[in-house]
Structure formats: structure tokens, C-alpha cells
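Structure provided below as C-alpha cells; questions to follow.
A, B and C are the chain letters, set down in written order, and residue numbers restart from 1 in every chain.
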Amino acid sequence: MMPAGAQSVRAGPAPFLYPVRRHGVRALGSLRRVAARLAAEPVGAAAAAAVLAYVAGAVLAPVLAPDNPSATDLGARLAAPSAAHWFGTDLLGRDIFSRTLYGARVSLLVGALTVGLSALIGTALGMAGAYYRGAVDLVGARAVELLQAFPYLIFAVAMMAFLGPGFWNLIWALALKGWIEFYRLARGETLTQSHREYVEAARAMGYPSSWILVSEILPNILNTVTVVALLRLGYFMVLEASLSFLGVGIPPSIPAWGSMINDGRNVLFVAWWVSTIPGLALLVLVLAVNLLGDRVREILDPHASRR
Amino acid sequence: MKKRTDVVLAAVLIAASLLLGTRTDGARALSFVLDTTANRATEAQAITAQLGRAGITAQVRVWQLSALIAQVQAGQRTAYTTDWGSAYFDPYDLAVPKFVTKARGNFSFYSNPIVDRDMAVASSTPNDAQRKAAYADAQRRIYQDAPWAFGYVLRNIEAQASTVSGWVPAADNSETMYPAGVRGGDTVVVGLRNDSIAPLDPGIPPTDREAVLRNIYDALVGHTPDGKVVPQLATSWRKVGPAVYDFTLRSGVRFQNGDPLTADDVVFTFERVLTPGGISGVSSTRKDLLGPILRVQKLDPSHVRFVYSASFPEALVLQSLVHFQIVPQKYVQQAGEQGFIAKPVGAGPFRYVRGALNSEVVLERYDGYWAGPAKLRQVVFRMMPDPSSRIAALLSGEVQVIQEVPPDLVDRLRASPNVEVKTAEGTRSYEIEFNTKAAPFDDPRVRQAVNYAINWDPILRDIYHGYATRLSTAFLPNGFGYDPTLKPYPYDPAKARALLQDAGY
Amino acid sequence: MRSLRIAHRVILAVPVALGVAVLAFFSLHLLPGDPVQIMLGDTDASAATIRAVQHELHLDRPLHVQLALFFAQLARGDLGTSIVQRRPVAALIGDALPATIELTAAALVIAIVIAVPMGLAGALRPRSWFDRAVLSTSLLGASMPAFWFGLLLILFVAVDARLLPTSGQIDPTIAVPRVTGFVLIDGVLARNAAAVGSALRHLVLPALTLGVVVAAVLARTVRASMIEVLQRRYVTTARAKGLPETAVVVKHALRNALIPALTVIGLQIGELLGGNMIVETVFAWPGLGRLVVNSIFARDYLVVQAAVMLYAVTYVAANLAVDVAYTMLDPQVEAT
């Protein structure tokens, strides 16, 4: 048996965080099992609770936020954290606590939409490439090679300069490269699966290939795709914040943690809270998402859990 | 797997609430996007908040500067923050390129034939009183037409260690280190705000590198920090005709490589700029800064003549020559463009030793400088784009002079006994420009309304801590022809609403 | 067989690099903004002058002609001249690359020093509290937004405590003769202790910022593969033969466990070279990442194209090196 990671080396680079096993995840795990297992261990439960809390905070931001996140008060600029403003105020006197709450929306939404879009595109193309082979596969493989060798950040900065600032533009800029990982994953998995007996049997029975792909193969690779999607979520959140930090991300009318961190950069010296607090919010969310992804992977992958 | 459906569900919920949160009612209210760049995003958001109170909906979008300017020039933006600097202390390189029909800086597509005529008069008439009158008329018309929401001029806030003497910040951000000294040493490190500077060849376009350039090179004439023209390599000049000026060169001047400076070097410097493809096959984009020039010719080894195609006022001739540093002909021709950029040689007070344009440039005193050697043995310019880093470096003694202190940090610096904050009047107009050729800002009433609807006072007081002065148009108080009787648009939301109603909003 | 595969991969790197250059070419030329206009800033210039300069720099030609010119130049081994900096692109990259390599190497050293002991310690006592701590800490590191972490380091270490400099690569008043371009190495060559000290002090914060994320990934990999290796038959055999546990771990397990770690390191080199532009920006580090970001903003096309090609080649080479090292360290890989 090869050590972890070996598989991905042969095919190219490993996912950003850590190598994900391609084998071992077969049946679609039931949510109940995952939830029960998560609840049973303190770390997993805490991570899940934290993510849920962020989602709740994001959804309920209009109710929870003490202030309008875009209400400016120039007289109260750069106020330190206090009873009136728990997290202080920013360069325009806006309440950072409220903005941090609303900022969770951007992070969660951009993360989820980017991962969703990437997974959708990548899985579809990867499965098609692996199953039909031929020209489709060849074109896909070449495109992947090129994009992969193209540094992500340069790609995103250029894309954003081209598309202009905007919420959806950002998501497209991220997803246009993000799909690669899912493509490679889905392609590899589909190749493995398509030689299994159940696929051979379906083929022998004369089912159309599109039906085989969607009804037979897809359910069998969905677990792996889901785990990778969870593990990539945090990465995209950080990337979104990095782009906002470089000034090519979310428009400032929407509170976003990356641009909040950037706002505070020039006043780090006199108002540490402006940059520090949204950064902390981001760190905790990404950590919770990564922990959750890690636990879910262990639960779904019996080999991983032994380790 | 339900975890996934949960995520999807949450995403949909968040998306829905986000959309609902930003929806506005559909009445015909004035609504536009205010495009800006990162450095003015804060101000832009304060402005849109104010406009909101006057019933105008404006959304801020932040762009990367070059992308925004390209879109603006293509006429694809309606309102955007921008700025334009003046190096001449004269509207000739600020109001003229910004307001004359189809001029390079006229991003608002503003066009008023009378303003064009005024500017043409002011750029050619030798008579100062006539120039002033023409500029005064132009100011009133521009004010009335309101192609911009007129803004402000920022003071340059810079700081030094208290050990440094003889240094003052200049209006145009050039750092003149010649008179400077430092107690207990002979080296001063200057923290520049630039991320990197353009090559130190005075013939190629500037991107904010005057700070370094003017310490290596001298021009025929120079500026005092507040913009007055003083002799440098030319000791005197004479107007021979309305379009002909003769300059007498300082005798005994030597370049830092020992070559004597003669009329040939002066002629070469300008020919390099004026000849198409003059710098390694590429034309200099600086030639238009010289006005309607025809040629520069040598009269004798110590006299040169500037011949213009049309009458050009003496004040503009001198202001323009400040920006053309004299380069050594023999050296440039021998070293070639690459060699010259790698090791620049001029006739200024400091000679280039080493450096990299994106990290630091090290200069050392040139003992043969015509006005006597500088006090400092070494001047180092360090690229420090991050303001917090500049300030930390000044406080910890890593650097002795820093450019551009953000107004929010001035108090922090003032609290330290070892540093001094110094300011100079700026030369840059900051404003919001409108695309005057497209709805809704093709209607002057709408443009005036926005001018009335912005309350600049709290913005300048709180965000810029009072280090900014309101402008009535784009004429600067320290520039020629400024009309102090023309008062900036007052904050008058009622008037703004009336104008908007008049325009159909 | 192995050398054939390597040769195949090396040859494959060429079309990838060229393809990436084409991709960079088109994505850059589609961006709004013209280098000449950007360069001019608010200097007044006539439309005729601007057109003339654009013509001289070939910027007015159709895109396919510009691309052909680029490839013609490339065929002669010339990367062209930077529009903004007026210097050969190769020289610009040559100046910036050592700084980036120095930073990347330092980040890797920091990562290895942190990660390998952590991962090993965790693996020796799987599921213990210490192991849990290792896993959680490494996840924390992997979740860290680098730009924010860098800012915090600047704020607390450089600004407040004034322990280390905020930015730059070396105290600019120290002159080091340029031999290799690597400031640290040049300092050592010149036997200039002050230069080496200053360079090291400037290196700490940016390298730490970059290194923490790599350390996180690395620690997890080391731990996982060590656990797996310790369960293999030859380790069990070694144990059964009564060898002391230290010998088992060091002699038999460690070597094999480090193979996946090597993979991660190799792949991270590619990531780091392409991804440290944010850290270089935060710390005003005069490296390739900042050069590329500034060149994108200035639309200095040729610099970006060349840099992106370099990234692509590095990426392919890193993958290849990992593959080769793999087959050499672990003969089983070749067999399977």
C-alpha cells in the first residue's frame, strides 16, 4: 500500500490542505450517522456548532446587529471597543461589531457559491472526460495543465481587473480556477468506478451512458466530492479576503472582512481593532470549517479514521 | 447527504436576505454608481452616505486605478473620484488639460468654447494681467457648468526626526536634501511612499520619482519648496521676442563624472526629448510639457536659445524648464540608454551610488557641486509604500524623514518628542468628476445639485483632520490666477433638492 | 523506463510554459488600461505623442501580431524590454528572483523545523492529548489568512515591541557587493556580519508569515504517513526482532514517512513562489511577487508574461522533482 499522498503525486499535485484519499469512500453516508458521530466527539461538535453559529449570525444579522453596518458617524471615528461599540468603530465611525456580523454573509456566501460552482463545473467535466475519453478528455486535460501552472492569485487579480469589481465577478474569478481540483478528482474517481462490475453490468444491460453517469457513478463519488468541497471552503474564504485586501474584491458597499482588514491597515498604529477583529472572525470561521471538514472526512472514510 | 443541502439552504437564505437588504423603491430618484480607488474609498462612502440623506442613491465601487481610468476615458463611467496634480504652480498643467475640450486629462468630456478660448489666451498672452483675467473668467464659467463635484487640495504631511535640520517638505513632494543636515551623523534615510519608482532618466515619463531625481540632477532653473523659480544651471535669461528666450549658463559647472557642462549638453537634453524615437527608439512623452516649442539651439558654449512656434509666457517657460533636468551628452551617448539608467549621472548635489527601483536608492554627496558640497554625506531613499511601516521606521530611528503621513496618524507622531511633523501646501486637486456627455450628469442642474448635496466640511475635518482646503473649482490657491473671491459651493440640501426637482427627479 | 518518463515530462513542460504565456498574454491584453497612459499619470501629453509611443512599442498592432512578435523574440532567447522600467525583462526578473527564493527557502526551513518534530511526536502517540493538540494547531495554521497574520506580526513585533524591522530586505545603508544576488549569501561572502545580521532580522517576519501555513500542511502529512509507516510489516518485523524503539523509528520508519512530506514540500515550493505576492506586498519585499503585481497594475505585459512562464516552469519542475525523488527513495512506487 502506498503512503497517503502517493496517489495524488502520480496524477499531479495534492489538494491544498492535505491529500484526500481517493479510495475507501464508497457508499453514501447517511446524514444521521455523520451528525451522530460529530455530536459524539467534542471537537467535531464544537466545530459544527461554531459554523452553525456563524451561519445564524449571518442570516440573523439584521436582527442581531446593534447598528446599521453602513451608518456612518464621522464624529465617532476610530473609537476603541467599548460598551457602546463592542468591537469599536472604523474609519467612518461605523460599528465594527455590526459590520463583522454582516461580513459573515460575504465570507459564507462567496465560499459556498465558489465551492458549489467549482464542484459543479469540475465534477461534470471530470466525469464526462473520464467516461467519454477521446477529444473531450484531451481538451480538458490540457486546459487543466495550463490553468494549474498559472498562479492562482495572478489569475484572480487579472480576472478581477478584467471583470471589474462586483460580487458575482469575484465568484467567477475564483471558480474559474477552482473547478480544476474537482475535475481531477471526479475524473480519477470516475475512471476507477467505470471499471467496477456494477457499471459494467449497467452497460451490458444497455442503459444509456448519461444515465449510468448520473445514476450509477455520481452517487458513488459524491461523498469524496463533498469532503473535498468542505475542505476547500475555508481556502476560498481566505482567498476572497486576500483579494478584498488587495483591493480587487467585494465592493465596499457590502461589508466584507478582507476589505475591513485592509481599511485598518493604515491606522494599525492608532486603532488595532479595525484590522484585528475582522481577521479574527475570519480565522475562527475558517478554522471551524476546516475542523468540520476534517471530522466529516474521517467519519466518511473508514481508513482515515483509523489513522 | 443532508449536510450539503444544509449548506445550500443556508446559502440561499443568506442570498435572499442580502438581496432584500439592498433593495430600494422604484421611484425616479437620482441614482448612480460612484467609482473610486482604494485610497479614497473611505471618503467616497462618507459622501454617498450624505447623498443618501439628500435623497440621492449612490453606490461605491472600488477599482484598481489603471482599470478605472481606462473605463473613464472610454466614457463607461458616470461619476468617479480622481485627482490631478500641478507641477507648474499655474493652471497650465491642471485646469487646462482637465477642462479644455478633448484635452488629455479631460475625463469628464467637458466642453465650453468660451473656456477653451480663455485657456488659449492664458496659455499664450505674455501679459500677466490678461492671463489672470482670462483664468478668472474661466473659473466662473467652470464653476457654473459644474463638470465636477469640486473637491479639495490636501496638505502634504511629512515628518522628520528632530535630529534633522534644514529640511522642509515641498509642495510637490520633491525632497530637496541639499540644505539638510543631521545631528550626530552624516546619513539621512528618507522613507518614500512609492512602491517603486520609474528609472532615473529625466527624459522618460515620471511616475512620482521627483523626490529622488532632483537630488541627482539640476535643471536650468529650479523650484523653492513653495514653488518659486530660482536659477540653477542657468544664471540668467532674457526674452528676445514673444517666442524666443535666451539663457546664460552657469560657468564652471561639472557633471558628477567630471565632464564640463556646456550648451551642447543642454541642446542634447532637449533634442533627446523632442526627437521622435529619441530615447532608444522610443519617443519621450514629456515633450508636450514644453509648450509650443520648436527647437533649442546653441548660441555659444555658454548660451542657449529656446524658440517657440507661438507666443509663450515667460512664467510658463520657466515653470516648464524646472522639469527638464540636464543630462551629460558624452556620457549618455557612450553608456547608452541601459548604461545610463543603470548608473545615472547628473549635475545635482548628490551622485548615484547604487540601488534598486523597488527597494532603495543610495546617493552620496557630490563634492564638485557648483553651489558647494552638501552637508550630508549620504542620502538613502527607501521605498516604503505602507504608511504604518514608515511611521514605525521613523519612530524606531530606521529612517529620518518620511513622506505622506496619513492624517489619522499625525497625533500619534506629534506625541513623540523625537519627531516633528511638517506640512506644505499641496499641488493636487481631488474631486469627483462626472461624465457630462451621458445621463444623468449631462444636465448641469443635476451636477450642481450634487455639488450642493455634499457637505465637505465634516469630511475634511474628520477624515483629513483639517489638512485639506476646499476648492471652488480646480484652481489651486498656490497657483497662478487663483480667484479667492469665488467661494466653493455651500452645503445646501434644500437647493440640491430644488435643482433635482427642476431636472425631473 | 524511469528516465523515459522524466524526459517525457520535461518535454511536456515546454508547451505548458508557452500555453501559460499565451493565456497570460490574452488575459492581460483584455484588461482595460494602456501602459503608456498609465505611465503618463497626470502628465499632459498630446494624443499624437501617445500614439507615436504606442506605435514604437508595438502596442498598436493587432493582438496576433503582438503575440507573434513576442514568440519571435522568445525564439531568439529574448524576453523583451519592460515598458515601464526600460530594462530587459530578464534582468528585472533576475534581480527580483533571488529575494523571492531567499524568502521561500527561509519559509520552508521554518516550516520544516516546526512541522517535522510536531508531526512525529503526534504520530508516536496517536490519539493522545498531545496528538490532538498537534492536529488542532496545524489546522489553526492552515486556516490563517497570511496577509492578516503578517499585519499582526508587524503591529506587535515590529511596531509595538520594535524587536524587528517592519519591511524591506536589509538596512539600506549597508552596502553589500552583489555577487550572487542573494543578500544573505552575498553578506557571508563579503564577511560582513552586520549585513548578514540585518538581512536575517528582515527575513524573520515575512518568512514566519509564509512558513506557518506550510508548517501546518506539512505537520499533518508527516503525522499521517508516520502512523501508516509504523503499521507496515517491516516495522513490525523490526520491532519483533527486538530492536529498540528509537532505532525502529529513526532507521526504518522515518525515511519512508518523510517521502510524502517531500511531496508536500515540493508542491508547496510551487505554491509559495506563486502565492507569496501578498506577503511580499505586506512586507515591501523586493521579490518577484511584488514585481508581478505591480506589473499587472501597470500593464507591463512582457514582465508578467515572462514571470508567469517562470512560475509555470517552476511548477512543472517541482512536480517532476517530487516524482523523481519519490522513485529514488521508494522503489515500491516504481513497481506498482
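In this text, a residue touches a chain if its C-beta (ideal position, glycine included) is under 8 Å from a C-beta of that chain, and two chains touch if they have at least 3 such contacts.
Since the model is a prediction, treat every value here as computed from it, not as a measurement.
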Open item on the list: Please classify the inter-chain touch graph. Allowed labels: line, ring, star, complete, other.
Closed with: complete
Task: Closest chain to the centre of mass proxy, which here is the mean CA position - done: C
Task: Separation of chain A from chain C, taking each centre as the mean of its C-alpha atoms, in whole Å - done: 23
Task: Computed distance of Cα centres, chain C from chain B, in Å - done: 36
Task: Distance between the centres, which are taken as Cα means, of chain B and chain A, whole angstrom - done: 43
TODO: Hunt down the residues of chain B that sit against at least two other chains at once, touch-wise.
DONE: 64, 66-67, 71, 386, 388, 392
Task: Of all residues in chain C, the ones touching two or more other chains - done: 31-33, 154-155, 159
- [ ] Find every residue in chain A that makes contact with two or more other chains and list them.
- [x] 161, 265, 268-269
Open item on the list: Quick check on the complex: what are the chain B residues that touch chain A?
Closed with: 1-4, 7-8, 10-11, 13-15, 17-18, 21-22, 37-38, 41-42, 44-46, 48-49, 59-64, 66-67, 71, 386-388, 391-392, 406, 408-409, 411-412, 458-459, 461-463
Open item on the list: Going by the contact rule set out above, which residues of chain C touch chain A in the complex?
Closed with: 16-17, 19-20, 23-24, 27-28, 30-33, 126, 132, 135-136, 139-140, 142-148, 151-152, 154-155, 159, 217, 220-221, 224-225, 227-229, 256-257, 259-260, 263-264, 267, 270-271, 273-275, 277-278, 281, 292-293, 296, 304, 308, 311-312, 315-316, 319, 322-323, 326, 332-333, 336
TODO: Please give the residue numbers of chain C that touch chain B in the complex, ascending.
DONE: 31-34, 36-47, 49-50, 52-53, 56-57, 84-88, 95-96, 154-155, 158-159, 162, 165-169, 171-173, 175, 282, 284, 286, 290-291, 294, 297-299
TODO: Could you pull out which chain B residues touch chain C in their complex?
DONE: 64-67, 69-71, 73-74, 83-85, 93, 96-97, 103-105, 187, 189, 195-196, 198-199, 201, 204-208, 276-277, 280-283, 285-289, 337-338, 341, 353-354, 356-360, 362, 378, 380, 382-386, 388-389, 392-393, 395-396, 398
TODO: Would you pull the chain A residues touching chain C in the complex into a rising list?
DONE: 1-6, 8-10, 12-14, 16-19, 43, 142, 145-155, 157-159, 161-162, 234, 238, 241-242, 245-246, 261, 265, 268-269, 272, 275-276, 279, 282-283, 286-287, 289-291, 294, 307
